[in-house]
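Here the chain labels run A, B, C and D in written order, and each chain numbers its own residues starting at 1.
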Amino acid sequence: MTIELFVVAFIVFMLIAALIAVEARDLLSSVIAVGAAGFGLSVIDLLVGAPDLALTQVVVEVISLVLLIRVVLTRNDTSATEPQDALRTGVALLAGGIILVIVFFAVGGLSQQGGVPPFGQPVLSNTPQAAVPPGVSADYLARSADQTGAANAVTAVLLDFRAYDTLGEATIIFVSILGTYAVLRRLGRRGREARA
Amino acid sequence: MGTAIYVLTFGLLVVGIYAVVAKKNIIKIIVGLLIVDYAINMLLVLMGYRNGGGAPILVPGESQAQMTSSVDPLPQAMVLTSIVIGLGLTALMVAMAVRLYEKYGTFDMSRIRRLRG
Amino acid sequence: MNQGGMTLIVKQTARLVSGFITVFGIHIALTGHLTPGGGFAGGVILAAAAVLIVLSFGGAYCSRLLTGPACHIADSAGAMMFLLVAILGYLVGGFFVSFLPQGNLFHLVSGGTMPLSNLAILVKVGAGLAGGFLALSAFRLASGAKEGD
Amino acid sequence: MTPGRDPAARRAADRWPEKGMQMEAIVPLLVVLPLGAAFAIVVLASLPTRREPGGSVPLGQRAALPLAAIIVAANLAISVRLLGGDVGPMFIGGWSPGKTLGIQMICDGLSKLMAVTINLVALASIIFAKAYMRRFTKVWLFSSLFLLMTAAMNAVVLAGDLFNLFVFLEVAAIASYALVAFGCEAEELEAAFKYLVLGTVGSAFILLGVAILYSLTGQLNMAMVASLLPKAGSSAVLLAAAALIAGLALKAAMVPFHAWLPDAHPSAPAPISAMLSGVLIKASGVYALARVVFNVFGPTGAYATVLMVLGAVSMVVGVFLAVGQWDFKRLLAYHSISQMGYVVLALGAAAAVLARGGERAVAGLCLFGGLFHLFNHAAFKSLLFLSSGSIEQQTGTRQLKEMGGLSRRMPVTSFCCRVGALSIAGVPPFNGFFSKLIIIIGLTLAGYPLLAALAVLVALMTLLSFIKVQRYALEGPPQGSIAAVTEAPASMGIALALLAIVCIAGGLAMGPLREHLFAPAGEILLNGRFALGTGVLP
């Protein structure tokens, strides 16, 4: 129960940070607030037994914060003064409310039937005789060290059982860096001056 | 309490989508996409947690049997992939934002409108 | 940021710290199959060291050490190495089949191809992100005259 | 190193038994070859070279496009070779199929059809790019990104695992964002950024759906998820389905989610427009939608209704938006929305027939029409986009009103453009006529005569819109500066001719094509949740 309290506390912290990030007048504080939300996420990762993710989240957060601050500082004036479209705001808020209501029922808000498994009791903790057996992760946990020789089951999943996904993941970083180079070319077409 | 955790997570998702839909500033849109990313990553990690479970990592002296009660490693592997996707997208978005600022002189999407609707 | 980077104190500190950061990144990647971490975390840490150097010494200084093409080559070499690990699996049965012995649990050399894959990803992610950041900071220097609203 | 278990002993435990090199072994090559080539191109182009006289492009960079063309041709050969063979389910990493520890690759009829389509259009586009991309800088970046996008699309259609599907959807999407912005002009960056933002939201929804499905079943393998879903909670399944369908419909540019397409597709370089409209929206949109709805959730009434509404609305709204356009590429982009509407409508009608336990033959006819139209659209829409690119290159404009009389100045391009226009408009001997006819017959037999009438109406509007193209671009008096234009380079002509032949042959050889390409693919969708195997449980 204590873990749930901590998790809720940190999610509320993230929500507040996210709201500040979205509504702040100053872009620099907005970017820093979203960084704070990311660090909140890495603490949650630590709480729920995911140190791999906590580590990765922190370092990724540092890099993306540097990137974002760099783009904010492109302009000397860092305030956001764009007027907001009332219609789009209304539509967004309405849609958000509908999503939350649907989600409340989908996660079993009123009854425990028909929703996603409650927090702390995933399909993984089912008995093998249950209607939905524990799933593929039970096998990973039971045999990853014997089958792959790695002590870290997450790495075993990432680099042996599901290494093909990781190939895709490495490709994504490659593609996006290549895309960054492509977008940052000073001239896209030959023999034409860049238009401002 | 468990329901509250999931609903709050989706609340974070809604905040992110709200920023993407309603905000006009490119930086705010990027921030919104980052928040959407956080929300979904967090949902995956939380769905893998089980009561009393530790990290799915063996330390010297433990045997495989001691790992069978730890949390689910598969969502963690998925989230790791998703974090990397988010980082790649952030790099690309930042590059595009810098370039758009150079071309249009603004971060305001309502003034970045040279294409006919 | 001026061409010469930041003050001497910052430069010296960055020089000192970046070495440690680099070693830490490599350590995180190589022990990824034993402890938390892995090629991605290690690679991002490595890139963070490069970012630190670029920020404190300025883009112009770094373009002599760390050029775009060098980053391209290291980036794709890492990716090709990972792909090679996958293809070498054909020798023992199929795509992505681990072709190395498992080794002893908790030893550095264990887990079949995992240390190799982690190393490949470390090189790939580190070089890729460093190169991307370099391109971004170089871009700002070139368009510096246009800055400001 | 202390001796551990050797690989052979591991395989004995949980790995797939040794089977030797069979058809299964060459399937991953569809992904590996272009990926490896894309990495190699970057290395080749970045190697330090001696300064060549006259500032010409170094050899390493010039080799990029031919290398990409060779790889794509090899891929086409592999995918055609796969058509003949019977490929069983594959588990990557040699993990045994019983427990689905590894990632499954599927190469069934539907995947084969998509692989052939993707590689065919990719080959035409890359041949076309040789002359077209001369105007751009750093063509090696283009070649590498192009190959990465092709590899990712091949991986998407071969994926038998939900998360794997998502990962490669993202690779294809990120490559396409970068390629849309490849020209680096203001409009292109603007279109690419809008595309990126909406595409990322779509991907987030897809991941959300995958996450909920995983939490319900504890599996990511499509066959296993399909077999376990009926036992899981119902309201959460609906949430997952809604998230997945919304995300995939965004990738397919179905109408409420179409806002990005008319900006993004025309802004890209012409070979990329052809790839995006020709195959990307199909592979990462319609194919993934069909795979998930039919083979994972199973075709039930609610999903069928959603598909039919999405399809019908896209079909009508797309064509109405297209009729008023004077920008050639923008007009084509709106028609993509409309034509994809036909495909999704046909799939939805088939799902509806299956859901109410109707005749399998009728559902099969709808599916044949939909898949045939998907293939035909890939051929004629990429043909039209490529010819618009060659017209743009020679005349310097995309505005229909500024063209005119091109049939005399550019005979080859005009002929191929005409073939494409007649195909999309549904004029008899061409392929588009047959697929639209089959869809309309299928809709009527399935009990939706009103929708069939609507499809006829939309076909007439399409015809009208392309008569306008003929009238203003190809016929009539040449406008001022157009009078001096010349025919496009030969390599462009070859690419156009290749696709034009596919358009003509598609109509004439409908019988054999149906037997070898579309019937096996339709069979997969007809079998619904049981198509991917029964999902062996321990």
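One rule holds for everything that comes next: a contact is a pair of C-beta atoms (placed from the backbone, for glycine too) under 8 Å apart; a residue touches a chain by one contact, two chains touch by 3 or more.
Bear in mind the structure is a predicted one, so any value in this text is a computation, not a measurement.
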item: Which of A-B and B-C has more C-beta contact pairs; value: A-B
item: Inter-centroid spacing, subunit C versus subunit B (mean Cα positions, whole Å); value: 22
item: Mean-CA-position distance for subunit B and subunit A (Å); value: 2
item: Centre-to-centre distance between subunit D and subunit B (centres being mean Cα positions), rounded to whole Å; value: 27
item: Subunit B residues counted as touching two or more neighbouring chains; value: 13, 17, 47, 55, 57-58, 74, 80-81, 83-85, 87-89, 91-92, 94-99, 102-103, 105
item: For subunit A, residues that touch 2 or more chains besides their own; value: 51-52, 56, 60, 63, 67, 70, 74-75, 103, 107-108, 116-117, 122, 124, 136-138, 140, 143, 145-146, 149, 151-152, 154, 156, 158, 160, 162-169, 171-177, 179-181, 183-184, 186, 195-196
item: Residues within subunit C bordering two or more other chains; value: 35-36, 38, 40, 44, 68, 75-76, 79, 83, 86, 95-96, 98, 102-106, 110, 112, 125, 129, 132, 135-136, 139-140, 146, 149
item: Category of the chain touch graph - line, ring, star, complete, other; value: complete
item: Touch list for subunit A against partner subunit C, complex; value: 51-52, 54-56, 59-60, 62-63, 66-67, 70, 74-77, 145, 148-152, 154-156, 158-160, 163-164, 166-167, 169-171, 173-174, 176-177, 180-181, 184, 186, 196
item: Subunit A partner contacts - residues on subunit D that touch it in the complex; value: 4-5, 10, 13-14, 35, 38-39, 42, 92-93, 95, 99-103, 134-138, 141-142, 144-145, 148, 151-152, 155, 163-164, 167-168, 170-171, 174-175, 177-179, 181-186, 188-189, 192, 212, 215-221, 224, 228, 231-236, 238-239, 242, 537-538
item: Sites on subunit D touched by subunit B in the complex; value: 163, 167, 170, 174, 177-178, 181, 184-187, 189-193, 196-197, 200-201, 203-204, 207-208, 211, 214-215, 220, 263, 267, 327, 330
item: Subunit C - residues contacting subunit D, complex; value: 68-70, 72-73, 75-77, 79-80, 83, 86-87, 89-90, 92-104, 107, 109-110, 112
item: In the complex with subunit D, residue positions of subunit B that touch it; value: 13, 17, 20, 26, 29, 33, 36-37, 40, 43-44, 47, 74-75, 78, 81-82, 85, 88-89, 92-93, 96-97, 99-100, 103-104, 112-116
